[in-house]
Amino acid sequence: MNGMMERKPMIAQKNYVHEMVTLRIFATILLVSIAIAQIFPFVWIFSYSIKKSGDLFGPELLSFPGNPQWGNYYKAFFDGKIPLYLSNTLKIVIPSVAFATILPFMLAYACTRMEWKLKKLVWLLVVVGMTIPIHTTLLPNFIWYRTFRLLDTHLGLIISNVAFSMSFNTIVFSGLLAGIPRSMEEAAFIEGAGYSVILPKIIAPMATTGFVTVGVQTFLSHWNEFIMANTFLSTELKRTLPFSIILFSGQYVSDYAVQFACMTLVALPPLVLYFILSKWILAGVTAGAIKG
Amino acid sequence: MKRKNALALVCAILAVSAVFAGGGSDGKKSDGKIILKMGDNLPDRKNGYGAVIETINTEFKAIHPEVEIVTESYQDQPWQEKVKIYATANQLPDVLKYWSFGGMMKPLIDAGLVEKMKIADFKSYGYMAGSLEGNVFDNELYGIPISGDMWVVYVNKGLFKKAGVPVPTTWDEIIASAPKFKAIGVTPMVTNGKEGWPLCELFDNISQRINGDFKRVDSAINRKAKYTDPDFVQAAAYMQKLVKAGVFQENLSTSDYGDARNMFGQERAAMYMMGSWEMSLATDQNFSEPFRNNLDVIKFPVVKGGKGSADDVLAWFGGNYIISSTSKHKDIAYEYVKYLGKRFGEIAWETQACFPAQKVTPRANDTVVSKKLLQIAADAKSTSGTPGLDRSDSVFKEDHQELIRQLCALMITPEEFAKKLDASAARAATQE
Amino acid sequence: MNSLFNNKKVVALLVLPGLCVMLFAIAAPLVISVIFSFVKWAGFGKIRFIGFGNYARLIKDEVFWRSLINVLALILVTVFIQNVFAFFIASMMTKLSGGLSRVLRTIYFIPATLSLVVVTRLWVNIFHPDYGVLNKILRLIGAGDAAKAWLGNPDTALWAVIWIMIWQGFGWALLFFYGGLMTVPKELEEAAIVDGANRGQLYMHVVLPYMMPVVQSIVIIDVISSMKQMEMAYLSTEGGPGNTTQFIALYLYQRAFKYSEYGYGNAISVLFVIIAVGLTLVIQRMFRKSVDQI
């Protein structure tokens, strides 16, 4: 009896190891191919952005030119008004990400850790709010925001951005906050500390992964927000970064290389930020997934 | 401690951002300059119309140093969409390049969004007969015409030679030439299929080549005739014949204005069906010199056995400039428009940029293309006026474009096309 | 102690800012949308009240139903193809060394950081029949006949557009699944292996049930973001050819700003909200049932 029991796990393990080796080889090939598929489009665009436009029609798949036309980037940067649009995007994104992180944190705290009458109703609103698409407010906001003189303003976009991030971010925070034992606040309260101390100094640090997840996700979505900015902003001086690509598809319609240079430039900021923060981002997102 | 500092920093950034975020200009910069906001469908400021406008803007600013001009430009259809968005938001620019078609002007005029102009102010600027009048609604002038537009076909003589094909005068010849162009890896003809309206012009024009009468389209819109009449169905069927024969580019339905123009300019296509406003192709530095030297333009071909001749020209006065009634700088805007009227025709012809709505003096060194266009205009025996899709309301226009796209994508039959188009025309007629 | 967690002033301070923003920027506009769904208006000019006229027309509008079907197609492809694939890849990655797995994760997530304007234009260029990379590759390997106008051909347009959408979404799905997989305790896996479970059984009976909450979040996020798709279709095909790539959010935008039918656009908007909320509730119910079964 005992002998049999010992042999079974050994055999199972051996088969398992065999499986592992072949799978390993197959897996590596597959994974590398996918990696190529993910970044190849980007590399392709970049390679043609430093060529001359006509070269695009040649038969080669991908080639890097002997004499890179960096002038294309110069044109893309200045004619595409990248500094202006970049500063506009920052003006919108910094406040909107900040508020879209702090306000949901506050709301989640109240909904998960405090007792009050309308709690269930507000929570229902939060959950329902997540299902509402941005585009359903595009049309009515023309009337609504116009009344408050919010059309064609950066403030209007900030408000909309924050509003649409509230639901998801609140839910993420609530998942994290629910697990904290009440004793944390109680101990601090006994020591004489009020909420102005408890929240930032005790609770917030415990939700760091939440802040990271929420911060990153919100940053990416607000940074790349396009349709509201495109529809509501009319003054050219106020436009945001994605618009420079649209601008180029008209103005430099014959000059593909410059268009591609513009696309590369616009894609860079979030990409660079992502590389810098990637460790945090990956950790935060995976943690968020578990709590989500 | 660290956290408190971080918090303080964040608050400071927020405060500063919030101050800037509300920023909205009321049309005046802090140094007292008046900002004149303009919008148009001329994204290319180095060629064609765009270049002419830039020259005019520079001259105008020299005369009026207190004025700053800020222009936003889109391609055609996006610009039309933008105008509607701005009208809804009450954010129209001060001066707009627009279209004089009733279907487009009337909604804006009825909503009180267009400023009236005095026709007397423009009488001396050499406008061609009918052009100013086309901008008069309810006995008031609402805009000044910019261009005289004719529907033509641009050809690349070099590619024709290479393929061993003579320059065509009939559509049947074009169909026959398709395989020869394919053999040298070139698309026979390109046009802007994504937006649809060039195909609508094609439809109007082919209909005339078949039935010999431009007024038939007007009758269909006015419900004295129907789009389901045999001549129109035949025209629709003929268009499908062209598509099936491979005359147009493969990605016709996603090929937008810039894409089609580029394919022609980069010598990937032998013919480009578009309007006379593209005469600046001949001077566009983005394209090679061989291309520009090989450029020519021909009259819209005829259909064998049809009643229309090559001298029946689909022509209209299309583009115009209007002033929005919500502008805060109406006086200066009007000064601008008057200056535009005065100088546009001259500069346009001098730089061979486009075909203005004003009379021009032909010169010896005009490009081949411009000389030909003048010739086509002079030879014209009958003209169409406003194209069909613009003779009715917005919904009809969109329906027309959508149906034409489906027709050319071979997704519906000519009979279905005719039926649905006619239904839309009927619906529009009952809306009044 | 009670006063600590019941403090009304604090609750108000915490709740009101966020709540007000949501009411102002979401709830109020929705109410306005409902109001304007009962009129006929070009966005400027006269307004005419027409009761349920827009809704009656909407029920018969084949383009609307087409756009809804396309949204459903996108959801199905995202949930059953993109997610399954992402799960598969994520599970492979859990077997790799920490360093390699981090490098790959970083690379895989790159498309998710890009603006969708960039992503869309990128793929429009790749799909271009003339100079696009896809057709060039096909011609190079001798499959030139398969080369077509991917976005222009009514048979392929929808799938091309959906491809663009899942290409970008892959990074997020991968990361979520990876995070979820990492939480499965090793002992659980090893115990199952010792018991003689093969790979398939391992995943079906141990890993997946453990990860149900993660899967649920991902599916719900997928449904919601699929319904929100508009910009990619807007910037590539504009719903064409022949409405094969029409999506609800895009359709309502076009009705308002191309057809000048603002009231009709709002009616579509209202129906859209109802469908979105309804669909989400259904999915949540489905998951609750399946969790109960386990």
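Just so it is clear, A, B and C label the chains in written order, and each chain counts residues from 1 on its own.
Operating definition for what follows: a contact is a pair of C-beta atoms (placed from the backbone, for glycine too) under 8 Å apart; a residue touches a chain by one contact, two chains touch by 3 or more.
None of these values were measured; they are calculated from a predicted model.
**Q** What kind of graph do the touching chains make: line, ring, star, complete, other?
**A** It is complete, because no pair of chains fails to touch.
**Q** Of the pairs A-B and A-C, which shows more C-beta pairs in contact?
**A** A-C
**Q** Just give me the whole-number Å value for how far the CA centre of chain B lies from that of chain C.
**A** 36
**Q** Could you state the distance in Å from the CA-based centre of chain A to that of chain B?
**A** Measuring from centre to centre gives 39 Å for this pair.
**Q** Quick one: report the Å distance separating chain A from chain C, using the average Cα coordinate of each chain.
**A** Computed from C-alpha means, the inter-chain centre distance equals 14 Å.
**Q** Taking each residue of chain A in turn, which ones touch at least two of the other chains?
**A** Touching at least two other chains: 57, 99, 142, 246, 249, 256.
**Q** Spell out, as numbers or ranges, the residues of chain C touching 2 or more other chains.
**A** Where chain C meets two or more other chains at a single residue, that happens at 43, 130, 256, 262.
**Q** Give the residues of chain B that touch two or more other chains, as numbers and ranges in rising order.
**A** 85, 88, 268
**Q** How about chain A: which of its residues touch chain C in the complex?
**A** Spelled out, the residues of chain A in touch with chain C are 8-9, 12-13, 16, 19-20, 23-24, 27, 30-31, 34-35, 38-39, 41-42, 44-45, 56-57, 59-62, 99, 103-104, 106-107, 109-111, 113-116, 122, 125-126, 128-144, 159-160, 162-164, 166-167, 170, 182, 185-186, 189, 195, 220, 223-224, 226-227, 241-242, 245-246, 249, 256, 259-260, 263, 266-267, 270-271, 274-275, 278-279, 281-282, 285-290, 292.
**Q** Please output the residues of chain C touching chain B within their complex, sorted ascending.
**A** Touching chain B: residues 42-46, 124, 128-130, 148-149, 151-152, 154, 157, 236-238, 240-243, 256-262 of chain C.
**Q** In the complex of these two chains, what residues of chain C are touching chain A?
**A** Its residues touching chain A are 1, 4-8, 10-11, 13-15, 17-19, 21-22, 24-33, 36, 43, 89, 92-93, 95-96, 102, 104-118, 121-123, 125-126, 130-131, 133, 136-137, 140, 167, 170-172, 175-180, 182-183, 193-194, 196, 199, 213-214, 217-218, 224, 227-228, 230-231, 234, 249, 252-253, 256, 262, 265-266, 269-270, 272-273, 276-277, 279-280.
**Q** In the complex formed with chain A, which residues of chain B make contact?
**A** Residues of chain B touching chain A: 3, 7, 10, 13-14, 17-18, 20-25, 37, 43-45, 70-75, 78, 85-86, 88-91, 93, 257-259, 261-262, 265-266, 268, 284, 286-288.
**Q** Write out the stretch or stretches of chain A touching chain B in their complex.
**A** So the residues of chain A touching chain B come out as 53-54, 57, 91-92, 94-95, 98-99, 142, 146, 149, 151-155, 158, 200-201, 231-232, 234-238, 246-247, 249-251, 253-256.
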